[in-house]
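You will see subunit A twice below: alongside subunit B first, and alongside subunit C after that.
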Partner chain A sequence: MIMDKDTVERMADIAHMYISEEEKNRISKELSFLLECFDKLNQVDTEGVMPTIHPITDRNILREDVVWESLPIEEVLKNSPDKDNRFFRVPRIIEE
Partner chain B sequence: MKLHELTINKANELLKKKEIKSEELTSALFNRIDSFDGKIKAYVTLDKDRALEAARLADKKADFTQPLTGIPMAVKDNICTKDLKTTCCSKMLENFVPPYDATVISKLKDTNAVILGKTNMDEFAMGSSTESSFFQVTKNPWNLECVPGGSSGGSAAAVAADESLYALGSDTGGSIRQPAAYCGVVGLKPTYGRVSRFGVAALASTMDAIGPITKDVTDCAIVLSAIAGIDSFDPTSSDIPLSDYLKCLHDELNGIKIGIPKEFLDNDVIDKDVKDAFLNAAKIYENLGCICEEISLANAEYALWAYHITVAAESSSELGQYDGIRYGHRATKYEDLKDLYKKSRGEGFGTEVKRRIILGTYLSDAQNYDKYYLKAQKIRTLIKKDFENAFNKYDLLITPTVPTTAFKIGEKIDDPLKMYMNDLYTTPVNLAGLPAISIPCGFSDGLPIGLQIIGKAFDEASILRAAYAFEQNTNYHEKRIKWEEGFSDEL
Partner chain C sequence: MNYETIIGLEVHVELLTKTKIFCGCSTEFGKEPNSHCCPICLGMPGALPLMNRSVVEYAAKAGLALNCDIAELSRFDRKNYFYPDLPKAYQISQYYIPLARNGYIEIEPNGQKKRIGIRIMHMEEDAGKLIHEEGSAYSLVDLDRAGVPLVEIVSEPDMRSAEEAWLYLNNLKTILSYIEVSDCKMEEGSLRCDINISLRPEGSKEFGTKVEIKNLGSFRAVRRAIEYEEKRQKEILESGGSITQETRRWDEAQGFTTFMRGKVENRYSPEPNMAPIIIKDDWKEEIRSKIPELPNARKARFMQEYSLPEYDASVITASKILADFYEECVKYYHDPKVVSNWVMVELMSILNETGQGIKNLKFTPKQLSDMLVMIDKGTISGKIAKDVFRDMFETGKSPEDIVKEKGLIQISDEAELESIAQKVIDNNPKSVQDYKNGKKKALGFLVGQIMKETKGKANPQMVNTILIRLLD
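Let's look at the complex of A and B:
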């Protein structure tokens, strides 16, 4: 299986991430090789085998919905690169 | 014995007897770091003022009944520490200062532990050599030309170089055990769910485990006792009761049945010296009255690829949270929201991280999901069954931790396949969620070799007991590093 440069670029776009031409070449080469390794798994007969969704737990973990104190807003906003008062600032998202 | 060489257990004894003070011990560690870490580069952030303050507080309270009180330690940089930078060694989080502590950190702080600083790692824990860190390359203290392993390479190197009494690491496919093996220290990956993951930057949520890296097995039991247990902030943490990990060290080993997976020895990637050291370790167990027999883990050879599919798919999803909005790197110039995302992520992530995100995105695509991710999860079921069958007959399994000793810096970073082979013996354990330890079991050309002991889910006690018995009958863990000329061990 080959992962060509166009596919690498398409995946990078889906993942919202620019990559350089050099990265594209390198990643395409390395992942094509890796996908070939993954093909080895086709040798395994998994007919009728249930997938492992979780390594240990096989039940849902539920808890009471309890109110507790959350972090102060200024603490939460502390790491934001752009904030205004009580809000995260982002570029305009609604087109005119 | 010098203060920085102390184990937790020994230091605790001296603190209790008032023969040393935590402040004195902590200062000795910072002196050690000052003179050694310029070469080792285990730490990315030091927290001297607060560490000394915590030490003085421990001295003032003078209650050392909890063994970690006043003991200096180091934390891998993907574990959140309140008001102390936590970067995952990525440009993306270069300036991130967590507003809260991870549960493991709260637990340690409750015992008045002394946090020296944060340790280097592969960027977002993606790697086996600590070379993909955005900041620096950590050196193996046994040979400065070699890698310390990874991704918890800084933690393992800090402990091996006596720059910390112990450290915390995280293990998704071997990231505690492999660096512990390469650096000649003890590293435990607990059962999935034994230790809370709350506040630890996720790599793969169905496999991540937090655990101790220590100088010996007793210390490992001490740290596990302090960090293990259910946590309401981590719904995957388990309510299965903890054992008395210190008491179990002294339990009888005679008659224990140990399985040796033959697939891990009969292959062309294992070094002869590693194989010899491993076979010698098996002999030591036989001499201790254990029954060692060859077994088969038929699907183990597929584990490595099933692991890489799982980790890529899960991590690409986890890393979606780094968008440059709420925290992390944000590009300075952008046209619109999408451009902001793309530039922030493009600039913030290193190539290895991008490679895995692209792979994970591809594997999670509707067209590929069944072929790769679902297939990998079915194989995971088969691997779990292999282990279950083995544990129906055997109490423990032993394998080498890694097929080789530490490799040279730069040697494998451009050859992903060779890098993957490093994880051959450790990844099946994460897929099955089992606990496993790496302990020193020999040397090859001056580099340490690790022995991996795998146990049943939540049976860390049996692993620790077997590891302790091995340690009592060997002296690999006591062997000291011979520092090169002009790099004196004296303070």
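Let's look at the complex of A and C:
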């Protein structure tokens, strides 16, 4: 299986990433190699076997619905590079 | 050419849990911005989601009430998108194995029963709120809503008109309110709806290209947007054009849709920080046992058990609290139709008029029934009863107390009524003459004068009989 340059461009577009021609070539080569490895894995018969996403699949890990104390506003905004009163401030983005 | 409209709806509903889906921060609104945040809902590096048990229960309850199959094992996935309303830069949702599938909601367009399929229903977290101030180069972010639990309910493309979509939404809202998992207020954002709509030539089996419509603020907006979009797509197709797959925004003020964005590909990947959700039969049945009688079943029972007309039954069962109130009244009063009239006319109009919810009603169902008994016994007239009812609504006093305090007891004393009637006859010779000349209307006027004289307290049947006897 080969990851051609077109596919790399499309993936970069979906991910809103801007990459150079040189990077496109390199990434296409690297991803093609990766895909070949997966091809090999795909040959293993996994009929009827659930994919392992998480090691625990035999019991629930749940929390009771009880309110805890939230952080004070100074702590909430502490790591934010930009703020306005009690809000985080980000570059203006309007989508929906 | 005639076209057939194909509609599917995606509905997001906020669940009424006390805390967020992955952390113990409160879901309460209306506090100062960013007052319900912690390292988990702020997406701090290293913070891990802690799944809320009630979210699973509420979501499964909704799935069962919507006739879905509940997955014994369901999983969470990450949905990556580009918008700064979630600090992790992805939303934790369910994509590959959702909680519920294959359900349906029954609607009755034109009296004909029809099932609208539900393809999937899954759990996810809500996003934060962005505020864009006019003229500012910045947007402000409030993350109190980030992490509030949602279920997304995706219908099959089974609806064929704005009317059907409206019925589907109404029934969905009624069911979810009945089972008390959400208050489903579209105006307040606890129920949100996107429309998928396409047209195809009548008789065609293939679907046309669909358009998604967002920014719908009310059920009425959904209806209007569908009607507008039907017309827009039809005009394009009829002029030989083709529909582009895109997302359009509904403009409520101007009544049309405008281009918002092209087709977007979301990137999903499994969420390794979340263990799967396991719902075995015993837990599922325990959740199912908490589902009350649902609106459709209750409506059918009201028609049978109380001999109510279909209209009455559907109005009263549209709200669980109203239906509960009604049934409680019926326990204390023998004629269910009379109770239905009072609930549908007097109670509902005073609730509409004052904007008050039935939850905060000051009087009890028993008190309403007591008042109806007082009418039957002739203690008060039907007309006076309306004033008593208003007083009960405002003060919460019992009808007996109100009638006693205000001296509203009906005058049924023969001699007293006769003397008042004689006085009215003496004072209105012209009307008396009119009546004698065959003008039956004049009798109504004289009755009215007696009512005025007694401030509405005269027993109307007796007044009629007495008047006719005195006049003839």
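Brief remarks follow.
We take it that the second predicted complex is superposed on the first by the 88 of 96 C-alpha atoms of A that agree within 3 Å, B and C clash if a C-alpha of one lies under 4 Å from a C-alpha of the other, contacts with A are read in each partner's own complex, and residues count from 1 in each chain.
Rule of thumb we're sticking to: contacts are C-beta pairs under 8 Å (C-beta built on N, C-alpha and C of every residue); 3 or more make two chains touch, one makes a residue touch a chain.
Everything numeric here is computed off the predicted structure, so don't read it as measured data.
When subunit A is checked against subunit B and against subunit C, the one touching more of its residues turns out to be B. Shared-chain residue A:67: touches subunit C; no touch with subunit B. Residue contacts after overlaying the shared chain place A:76 against subunit B and subunit C alike. Using the contact criterion defined above for the overlaid structures, shared-chain residue A:8 touches subunit B, although it does not reach subunit C.
In the superposed pair of complexes, A:88 makes contact with subunit B and with subunit C alike.
In the superposition on chain A, A:59 contacts subunit C only, with no contact to subunit B.
Of the two partner chains, subunit B is the only one that A:18 touches; subunit C does not reach it.
Common to the subunit B and subunit C contact sets on subunit A are residues 14-16, 50-51, 53-54, 56-57, 61, 63, 71, 76, 79, 82, 88, 90-93. Across the complex, subunit A meets subunit B through its residues 3, 7-8, 11-19, 23, 26-27, 30-31, 33-34, 37-38, 40-44, 46, 49-57, 61, 63, 71, 75-76, 78-82, 88, 90-93. Contacts from subunit B toward subunit A in the complex involve residues 95-97, 99-100, 191-193, 206-207, 232, 235-236, 238, 299, 302, 305-306, 308-309, 316, 320, 323-330, 334, 336-338, 340-343, 345-347, 349, 351, 354-355, 357-359, 361-362, 365, 372, 374-382, 384, 416-417, 420, 431-433, 457. Only residues 17-19, 23-26, 32-39, 42, 44, 50-56, 73, 75, 82-84, 130-132, 136-143, 214-215, 249, 260-261, 265, 267, 270-272, 274-278 of subunit C touch subunit A when the two sit together in their complex. Of all residues in subunit A, those touching subunit C in their complex are 14-16, 50-51, 53-54, 56-68, 70-71, 73, 76-77, 79, 82, 84-96.
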